[in-house]
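Look for chain A in each of the two complexes below; its partner is chain B in the first and chain C in the second.
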Partner chain A sequence: MKLNKFWFIIAAVFLIGIAFTMVADNEFYFYATYAVMQLMIMGIAWNILGGFTGYVNFGSGGFFAAGAYTTVFLHRAFDAPPLLIAVLVAPMVCGLIGLGVGYFTLRLKGVYFAIATLAVAIILETIVVNWEFVGGAGGYYLLIPENVVFFDSYIEWLFVLILAITLIAIIVSRYLNSSKIGQGLAAIRDDELAAESMGVPTLKLKLISTTVMGGLMGAAGAPFPYFITFVEPVSAFNLLVAVMAIAVPMIGGTASWIGPVIGGLLLGTIQETVTVNISSELNLLIVGVVLVGFISLAPQGITGLYQDFMRKRRKGND
Partner chain B sequence: MTEPILSVTNLTKRFGGFVALDGVDVSLGDKERLGLIGPNGSGKTTLINCISGALYNEQGKVNFEGSDVTGTTASSRAKLGIIRTFQIPRPFRSMTIIENLLIPMEYAASGRMESRNLRDQAMESLEIVGLQDRADENSANLTQIDMRRLELARALSAKPSLLLSDETMAGLSSSEVDEVLDILFALNGRGVAVIMIEHIMRAVMKYSERIVVLDAGKKIADGSPDEIVNNRDVERAYLGE
Partner chain C sequence: MIELFINAVVAGVLLGGFYAAVALGLSIVFGRLDIVNIAHPAFVIIGSYMAFYVNENFGLDPIVTSFLFLPVFFLLGIVMYRFYYVCFERTGQESLSGLAYFFGIMFIIEVLIILVYGVDYRNVQAPYIGHSLWINDWIPLGDFRVSLPYRMLVPFVVAAVVTGGVYLYLSKTYLGRAILAVSQDRVALQLMGANPIKVKQWAFGIAIATAAIAGALLIVIHPVEPSVGRLYIGRVFAIVILGGMGSISGTFFAALMIGIAETLISTFIGPSWAPAAAYGILLVTLAVRPQGLFGRA
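Moving on to the complex of A and B:
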């Protein structure tokens, strides 16, 4: 019953998205919702490793950039192949990087792990800066194709693509959260030694976690070069990207798959509204204030607040 | 003694330059109840850690049910049925009491569970330790004593064939100690071998068929409870000279 409802909503959202491209013609809406969804995917991806598994890290932004640069590489190497190919290849590349990084850093705990992942992001950035083929430090211009099939404009196609990636990210995250794997990840987050003693293959599960995190981050980054048409390392690897990805589940709640979905919607919407109506500098300030507010007042995020509320109400009824 | 279920040979564990275990040999018969005693810091928990795989020993071997498990992960040993409790309870704090039990049922014992509803099977373990009415409470808010009960229930849910019980009874009242002893006797009656670490002498003496004594990382005695009580070395280790 519950399962059917979930799949119904997923299908409905996708169809509404398609319908949206047919009726709306102000491109601003597509740019704005694209940005919200990109943020949401990054929040979902970060949360799989940082929230479900408890490995808080600042390096996730590097995987986003690696996804974007996979697209740039393919664009240059194969004379602008369809974006869909990059969207399929980037998660594999970034998932593999996640697996490798996980293998070498997961023995570290807490703050050491967080710093090691940051170092990984810096290494990736250094590689890109020095790799002229993908534009090096100067960046890479990428012309969006003039002809789009089926849609009125390229941004509509990008919008549908990121919508599909978002829904897939939600499906993957929900599966990981509610399956046996999710229980194992929660056990790792609570107490890794106890988890291992109770038969949870912690190394294997942590590697699954980093691989999926990397893959989803890469998927979020793959269409990005087409979205902004000019990629350069400093903005792609911006630490702010990583901070935003952390803020999303922090606000929504880290324990469940729904947390980053809610957090992404909320934060993304605030961000877009403020950027458009006021200024992008103020936007950052507001994100900061919201984040600090949640961390100090509601560390379990919105889903935690909701659970507390329900618990109190149930107690009240007893 | 029948074919040993566990045999630890020449096990040495160092922490930096400090030798926590020094060439320890222990073997355990099928369904045997072994007491492991020794003064504070003598290496009892370290030995449990090495048997369960929580720590790797740089020297010596651990054999379980005829196969060499030295160097394998704790989770793979747990799957084989080597299950330990923690001296300082380590519940999964974000989970309810019953969810804590589902972890070993889904993992350590996954191949060995009955096909019945897992929750029902978990409830049975909770009934054994007397936590059945609190199954859905959060485990983080339990008292120390109840955390020990949970620790034991979680270990039972993992369907051990060898249970390594590390001071499960510390802090319990005399009647509670008897309850836990009953639980462990019943478990053993179902064919589970048990190594019990305990400072409560009455309990170890009553429970153990055989007792191993550690002192400063060395095994200084190995024998029946009567032999241990009358052993001069043991007396010296405990009382000093």
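Moving on to the complex of A and C:
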């Protein structure tokens, strides 16, 4: 029953999204919701490795940018192929990077892994800065295709695309969370040594975890060049991406798949509102303060607070 | 070619000495107390802006300023540790939440500096900036010309003195040895009647205080903008891990190695590849020899 409800909501959200493109005219709504969903995907991706498995990744920006630069590379190399191809290729590329990073670093203790991911992001950035083919340090301009099939404007197509990616990310994340794999990942998070000795294939599970994380980050980054039409390494590899990817699940709650969805909606909405109404620097400060506040005061996030609340209420009734 | 090589190595040694000053605090905190203070370079940047502010308004030498500000940074470190202890260490959540906490702190510091000073590069004035010491004036080297810019030489000397001072402090004084003890066996220290939390707090204060000096040295070496700190995260962690986690002398030699590697790459391959050097070395170290070059196997 619950499963049916989940699929029903997923289908309903997708249809509402499509209907939204028919009704709404103001492009701002599409830009704003695109940003919120991009944030949500990054949070979901980070949470698969960080929340489910307990390995902190500081290099989200690297994977995100690798996805964006896959699009740029394809755009340059094959004379602007359809974006859909890039969206399919980028997760594979980033998944492979995730697999490689995982293979080399996951035998390390958590802390070293976190630092290694930071190192991977900087090394990728240095490569892109020195790679003239994709624009180097100067950046790369993309022209948005003039004719759009089916939709009124290109941003509406981007909106539907990112909506689909978001929903797929949620489905994948929910599957990993509730399946046997998810139990294995949770065992790794709680006590890796015990899990290993009970016969949990820890390395294999961790590699699945990093690969899926990389793939989803890449999927979030793939449409990005078309969204902003100009990519350069500093903004693509921005530390903000890494901070956001951590903040979203930390605020929503890291233990289950619903956490980053809630966190993404909340943080994304706050961000868009503050950026439009006040200033973008203040917006960054708010993100930082909210992140540190949640980590120190409510480490289980909003879902944790909700569970505590329900538990207390049940106790009160007894 | 050889002249270029020698100059690159000399510059690398000077740069490495400065890196040691940046990594020193992290070596204590990460190497000895097991606290992953990823925000350490951000505190270094605060030190840079403090030196800039005083230099701009009162004309005081940046390095002298940093020594005057040591108590402030020491107290800042104590407050930081207190908060960290109450929120994470006491409840055993330091692995995931603690990491994210310092990451958030780093981000907040960066944004605050941007809000106050903007994203422009800032630099300081000091009499030794802009001149060089020519080794050829002292030692006849034939055709080679080897130069030591004072803006590198002064930070190197200060960094070496500070590193030596911390080394002596940790190995000779009562509190310094207590810091070593808390990293080795916390329970035993407790049984001896010392409070491990107080010792850790003290150590964290010292670590952040060294960031003030490192920050002043940084702004002497090159102009600073708020996000410069990020580049140092990889460098300092590479240095601390290479140096064998908490060994002060190991940290110093590892810093020299990273400095030389960077200037060699910068000279012979290109400056834009230099930032990746430390990270590359770090990744290889982690994959091949996680206990570091100077660490116990």
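Rule of thumb we're sticking to: the second predicted complex is superposed on the first by the 318 of 318 C-alpha atoms of A that agree within 3 Å, B and C clash if a C-alpha of one lies under 4 Å from a C-alpha of the other, contacts with A are read in each partner's own complex, and residues count from 1 in each chain.
Definition applied: a residue touches a chain if its C-beta (ideal position, glycine included) is under 8 Å from a C-beta of that chain, and two chains touch if they have at least 3 such contacts.
All values derive from a computational prediction rather than experimental measurement.
Asks: Chain A residues in contact: does chain B have more, or chain C?
Replies: With both complexes superposed on chain A, more residues of chain A are touched by C.
Asks: Quick one: classify A:A12 as touching chain B (first), chain C (second), both or neither.
Replies: Touch status of A:A12: no partner.
Asks: So, A:T202: does it touch chain B (first), chain C (second), both, or neither?
Replies: first
Asks: Which partner does A:M310 reach: the first (chain B), the second (chain C), both, or neither?
Replies: A:M310 sits against neither chain B nor chain C.
Asks: Classify the contacts of A:L108 with the two partner chains as first (chain B alone), second (chain C alone), both, or neither.
Replies: second
Asks: Could you say whether A:L84 touches chain B, chain C, both of them, or neither, answering first, second, both or neither?
Replies: Neither partner.
Asks: Let me test your reading of the model: by the given contact rule, A:A255 touches which partner, first (chain B), second (chain C), both or neither?
Replies: A:A255: touches chain B, not chain C.
Asks: Could you list which residues of chain A make contact with chain B in one structure and with chain C in the other?
Replies: Of chain A, no residue contacts chain B in one complex and chain C in the other.
Asks: Where on chain A does chain C make contact in their complex?
Replies: Residue positions touching the partner: 50, 54, 56, 58, 104-105, 108, 110-112, 114-116, 118-120, 122-123, 126-127, 129-130, 137, 239, 242-243, 246-247, 250, 254, 281-282, 284-285, 287-289, 291-292, 295-297, 299.
Asks: Enumerate the contact residues on chain B facing chain A in the complex.
Replies: Chain B reaches chain A through residues 52-54, 73-76, 78-79, 83-84, 86, 90-95, 99, 102-104, 106-110, 154, 158.
Asks: Chain A touches which residues of chain C in the complex?
Replies: 36, 38, 83, 87-88, 93, 95-97, 99-101, 103-105, 107-108, 110-112, 114-115, 227, 230-231, 233-234, 237-238, 241, 270, 272-273, 275-276, 279-280, 282-283, 286-287, 290
Asks: Can you list the chain A residues touching chain B in their complex?
Replies: Listed in rising order, the residues are 180, 183-184, 186-187, 189-191, 193-203, 255.
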